[in-house]
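Shared chain: chain A. Partners: chain B in the first complex, chain C in the second.
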Partner chain A sequence: MRLSRALRDPFLVVAYLVLVAFLGLFVVYPLARAALTPRPSDWAKLLSSPRWIAAMEHTLAMTVLSTVTATAMGYAYAYGVTKGRVPGARLFSLVPFLYLVSPPFVGGLAFTLLLGRKGIVTHGLLGLDVSIYGWGGLWLAQTLSFFPISFIICRSALANLGGALETAARGMGAGRFRVFRTVSLPLTAPAIAQAALFCALSVMSDFGNPMLIGGRYRVLATEVYTQLSGWADAGMSAAAGLILLAPALVVFALQRAATGAGERYATVGSRGRGIGRDDDVSPPARLALAAFCGIVAVFVLAQFAVIAYGALTRIWSVDGTFTLAHLGAASKYGREIKDSLAFPALAASLCAAASLASAFLVQRCRAPLAPVIDLATILPAAIPHTLVGLAFAISFNGKPLDLAGSGAILVVAMAVSYLPFGYRAVMAALAQVKPSIDDAAAALGASRSRALFDVILPIVRGAVAAAFVFAFIVGTGTMSAVIFLVSFKTPLASVTILNLAEMGSWSDAAALASILCVLAFAGLAAVRLLAGRRFFQAAFR
Partner chain B sequence: MSPESTVPASGGAGVHVALRDIVKSFRGVPAVRDFSLEVARGSFTTILGLSGCGKTTVLRIVAGFLDPDSGSVTVSGRDQADVPPDRRGIGMVFQDYALFPHMSVLENVAYGLKTRGVRSAERQRIVAEALESLGLGELGARYPHELSGGQQQRVALGRALVLRPEVLLMDEPLSNLDAKLRVRVREELKAIQTGLGITTIYVTHDQEEAFALSDLIAVMDGGKLLQLGDPATIYRSPRDGFVADFVGSANFLPAAAEARGAGSVATRTAAGTVWLRAPEGSPTGPGRAMARPEWFSLSGPSPTAGPSDGSLAVPAVVEGGEFHGARIRYRLRSEAFDEPIVVDEAVDVRSAARPKGARVLATLPAGTGWWIPG
Partner chain C sequence: MKRSIIIAAFLAVLVSAVPTFAKGSQEQQKAQEKELLVYSIVNEAESKLFGDLFKEETGITVNYLRAASGELVNRIIAEKDAPKADILLGGPASFHIQAADKGALATYESPVAAQFPAYAKDPDRHWTGFYVTALGIGVNEKRFKEKFGDTPLPKTWEDLANPRFKGEIVVTDPAASSTAYLFVQTQLQRLGWDAGWSYLEKLAPLVGQFPSSGGAPPQLVGSGEYSLGVAYVHALATYREKGFPVKLIVPPQTAGEVGVVSAVKGGPNPDNAKRFIDFVLSQKAQTAFAKESLTVPLNPAVALPPGAVDVSSIDLIKYDSKLAGDQRDAVLARWQKVVK
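After this line comes the complex of A and B, so read on.
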């Protein structure tokens, strides 16, 4: 085979080899190791024991239920802020983003504080002695947790619809609801499908919510953890993770196929603006949409409020006196906070660099094995993060590479987990750069690597920076990717919060969570400043 | 590599860029087939063709952005197969200009000098000079998005020219400009090219542009070179019906060649016999008489029979006319031919258009029309 044109550049050859080695060692190898870990007896046990069958049924039921509600909720919310033009649409648009970037335990923790046995609403206001632990609470938590993803995807599709088509349909005599049913809805159907698949993947592999509020309603994602941490049974744990991977891969494949359909529709719908834009929904429907958006927003914001309240009052649900003591006490977790910033920062740098290298080599250089690199880079999106962590724990615990208990293993696990998001965003930004720009640089005497740093990188720097910040934000809060990998030498704030919550130290957990939330919001502001809101649309393609 | 080192020792006229038997396909779909072309030093050669005919692919192969499947590109006799695009010493102007959006005009124009290691002071001097000569002196600090289309176009040209490339490639550089500006920039372009004596290969789908600029035109279709010639030859003596039709308006009258002269044939048409110019050695038999609209002359109807001097006189009726300023283009219906005949008549300020339904005689003088066999 003739040497690829791009790889006549020595720097790119090195970058290419490093990237291939990285993907091989940290994506393909751990997955393969994990796949080979279960013994046949593990599989047999998995498919026969009632406990496992129940976990599978629960996962399936929860995925279906939550996907339907989260997708519908995201669509309705998106419809409200776009076509529905509810008052304060801009503020309403911000709420899902806040929730999306907040650490995943915010939902679980806040739910407990609001609706738990000692919850403000259940216990405080209603005087009930009920529990949200179980499938109902989990369903609600999953719906709220993942509606922002549906919102981002659907909002982008609805906004792209312009309005010309709806106006045309109205002009042909169709009523408002008929227009919605026959024009808006079918044209945004690919986005809805896309959103549903994304939600399904997320719900299926979510670890934080089932851990905090699933109670005895066990799902596969938590069983993977319980097997390893409780019984030290790597074989069963890996088997459960792999069972989870199978439907995830199917959903992932469907999702990639659906993207094509979405783009076909987008080219039809994206042209032109309507003239009667305020007229898309009737006044009563607009009122209903506004009420809906309001309730959702209040629900989300209440979660942040209750965590802040918990952090600033003396004893949760007993003594509501204002105090800074817990925030002060959080300083004894300085080590955890420092690690929770340093490791994700390193991981985010690695993630941004790998995203850029992979996107540039795949999209601009026609590098050898480009489709394989593309797949390996995007593949972690289909792998439940718990399984990533598990695979790392199994693979790098001895020869040939022993990283157990080190900070490096956390950094790499985070980087691999968030690689697909950064990669998608950089790919989308690169797609906007005309190929003639590369050619022009070459015609002016710049080698490929020189063109990358002089020309391409400055143009897509927003996406690369956003890939960094996104990985940093998510890494700061993550539990699923790191739960198997933390050690006493590398404590992380997120895991500490989980432990504090399990011990009932609600106030300290809330204080630590508040600090992480503030960091995450600062990160969100940075993303929007660096890359605008399109980053999120690109990352969830 | 300094710009000077790319100037070949031989110099002077002769073949500068040669493409031999270039073949290129994309995923099995042929884009360029057996394309050969020799471009003389200092000449302006245009590759003319419809979109998708392979002309841009040829240009990208010359620039080194694409490798041909087979065939060779030589510049000053040196084979370019293993020379990467950044070492070819070729300047290129792109259809969308491809200015770097994050660099100012100054930085854009200086970029090529920088990659070649030209020192800062020297660079500044060259760039300032170039901007001045292109009338962009004031705009150095602006960014591409702050410039008009015409200004962007000039920056793109300046950016390529400061490197004093051996060969300048241009891919539809005027197509993003409005009609009036296009003509003005076209003239500037030609003046700069002639002044610098730079070997230029230009790609366009616009025949008027090709005629105005080129020493030689290569007409392409379906990945193949159909005809290579100077503008007048391409216009007056097209190789076939496609070229004739593509580079201007043409009437095609069914005819049969009966006798051959030196560079001419006598053909019989439904309206009588006519002498046409013809390629050497073209066979007798059926074919078409090609006549540009302005090759006819119009007169009032003549009562006498047809001329016997080898001209073709077609009695016809005016079906419609379009006013084009300097001339009027008539559509004429004749009894002899199925297709209407299109004829241009020059007009002055006092001429009135011939009314619809008027009877006229359209005359194609002997030795004017062009014989297209087959």
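After this line comes the complex of A and C, so read on.
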């Protein structure tokens, strides 16, 4: 009886109760409040107007297209830096993280400056006058924006494979590609399904790219923002966000069905881990992978180069005279920058702790209500972060809990928004750990919480660190989760970046974005020093 | 050993979080006399300008929060029972009326506004106008020349609907923004319902994209992504002043917008709020704001700043905002079919 054993451990009981209260108060309650916001007429309008129906069709099409490409790209990139052993793999591993911090709007503008009608690549190098605005450009933008998510998930799965099974297969005479197709690929299938799930949910709920690059191609997530910002219509805004729950739940169920429960895939704790060989890919394949990683990295870095260029020249895209004036102007937003680093750091800690607790209790302890906890933890991924923010603004303004205007509401909103990712990362890592390891710890007399900290945590620390890094990096640049929650006392740099961009001060916006980006990575380096190299290395391996 | 370090680290993080969690209530109690909280729809630089000048004049510190008009109005309505702000600054009267209808705005008739034109004052005394701007056409002359050679620049709304301009025009999406809706209504009101729709049906296929944000057309035209864009003249003028190659055209029969200020009902600093409204309407603040925003000041004592477009020289239609509000659903529904 695993249940009773888990419940005898006082630490886990407390953790369980705290977790349930947290999820109830900050996931279920705000969503329920948001669900009650739209009037029946809003739903009627949503389901009958051709504009909304077109937006739904577009959302569906874009999600399918981008999910396939982003997942594949992330897998290939991850394969390149792990099994492919491309030269400079460590540097290549950092690039996707860089992409995650790129703040909305400035990143989008850099994208148009590279690939737009007057783009450096499209117009300058290729002499084309093409428009990226539309479904094609959006597809490309979404693929690039969300491949890092697939990369992070697939890389940790590929790195954990060890190599014993591949070695055995090669020993039995299978060719390299056959080994990949029949051993490596099936073993990482759960990670691929997981990556697809997150790419799909992210594409569905992203509003920055469609707003800037979608052109006439409208999707639902943009409507969540514009119905509120442009018309002050909270009802339509909430309805547009809530309708995304339906496809999200379908995707969620599909991923479940595809993966199944998985001792099949457990590789950590199998015998023979670590016996790998370093020629998993043939030299031509390795070259192709290196070229692929190189092209992706160059494009990502080019986008940052354009932002840095914008920050250091007089008028972005018009006057290239060097100046430090924009950096000077941006550095005056000290309070905004400080808050933009402190809140995500707190949120990331909260997110990492909750991810570990949730995953361990659901997967290893068969805690009461486990399926409900599982669903509540993953639920925030299914709705646009803008709606999470809106739901918080509606729910925690006045009784019973008044958090409006506090830093706490920002921290919790960020933590909740990124919880699904952290949770699934830890779940995936746990799935690779054979339950026999827990049994061994128990047989040796360890309590469940001791097993968690001394046995499980060291093995899944990479995933926990990844949860932290992801929440911190994304939280630093985010606008969607916080735009309805910032207050007089808690200004955030990302919102200021939007404000600067809206009034045409693109260079100031780029300067502030650059400062934020540099400090975010400096912050990560500091955490790495504090938390110790080994704990942290796993996330960046 | 390692376990205790990790637990200690998490505890440290949680403890450090406590002040953040307590922050809200503490700072509410601390609300001092020398403070004013402004929800600002005017842009970042303009908000800061008002704040700095007001502090200089009165010693009262202005904390502002800048965001899109719809969002701030929604906040004020949501916070009605426990108001967090004193002032709603900027944006068209229609948004302020939305908040007033929900009972979220105070009434105040500033003595400074005595000389202001009648259209700048709310009959119900909720809001007072402090600037005027109008819809215009922005042209990126460089791109326009490359694309269309010696074709003359469009001078009227009719010129804009020239089939040669296909794919080179940006107009904000009326379903996403009230300012873009103003453009659609302007056409319907100046030409009449049927002729207005045939104009829009002619224009819509020429438009390259309909962005959601009102700030997008000046940016897309300024950076040379498109040749022509419809936007507020002051927004276009700001880009021009920053050095972007934008030329401003104000076609005849356009529509204007009066930007207004109002006080939030039950805000934490009601007396400071009144002083702030008086200040915003004063000659000094109006002069500085007009210079920064290139809008037209409403205080008759203030001269028009160089670079701004004089609204009195503009041929404005008599815009019926009540009709515009009543027709909204019908117009937007028909618009969907036109855009398709």
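Keep this in mind: the second predicted complex is superposed on the first by the 287 of 541 C-alpha atoms of A that agree within 3 Å, B and C clash if a C-alpha of one lies under 4 Å from a C-alpha of the other, contacts with A are read in each partner's own complex, and residues count from 1 in each chain.
We adopt the following convention: a contact is a pair of C-beta atoms (placed from the backbone, for glycine too) under 8 Å apart; a residue touches a chain by one contact, two chains touch by 3 or more.
Computed from a predicted structure; not experimentally measured.
Judged by the touch definition given at the top, the superposed model places A:I459 against chain B, while chain C stays out of reach. In the superposed model, A:K434 makes contact with chain B only, not with chain C.
Of the two partner chains placed by superposition, only chain B is touched by A:A442; chain C is not. Once chain A of one complex is fitted onto chain A of the other, the partner contacts of A:R8 are limited to chain B, with no touch recorded for chain C. Considering which of chain B and chain C touches more of chain A, the answer is C. Legend: residue contacts after superposition of the two complexes on their common chain; A:L346 is shown touching chain C, with no touch to chain B. Of the two partner chains, neither chain B nor chain C is touched by A:R90. The intersection of chain A residues touching chain B with those touching chain C, taken from the two complexes, comprises 450, 454, 458.
Chain A meets chain B in the complex at residues 2, 5, 8, 434, 436-437, 439-447, 450, 454-455, 458-459. The touching residues of chain A, when paired with chain C in their complex, are 49-51, 54, 112-113, 116-118, 131, 133, 211-212, 215-216, 218, 222-223, 225-234, 314-319, 342-343, 346, 349-350, 353, 393-394, 397-398, 402-409, 411, 450, 453-454, 457-458, 483-484, 486-491, 495-496, 499-506, 531.
Listed in rising order, the residues of chain B touching chain A in the complex are 1, 60, 63-65, 67, 84-87, 90-92, 94-96, 98-102, 111-112, 115-116, 159-160, 163. Of all residues in chain C, those touching chain A in their complex are 2-3, 6-7, 9-10, 13-14, 16-17, 20-21, 23-25, 27-28, 37, 43-45, 63-71, 73-75, 77-79, 81-82, 84-85, 95, 98, 143, 167, 173, 175-178, 208-213, 215, 218-219, 222-226, 235, 238-239, 242-245, 332-333, 336-337, 339-340.
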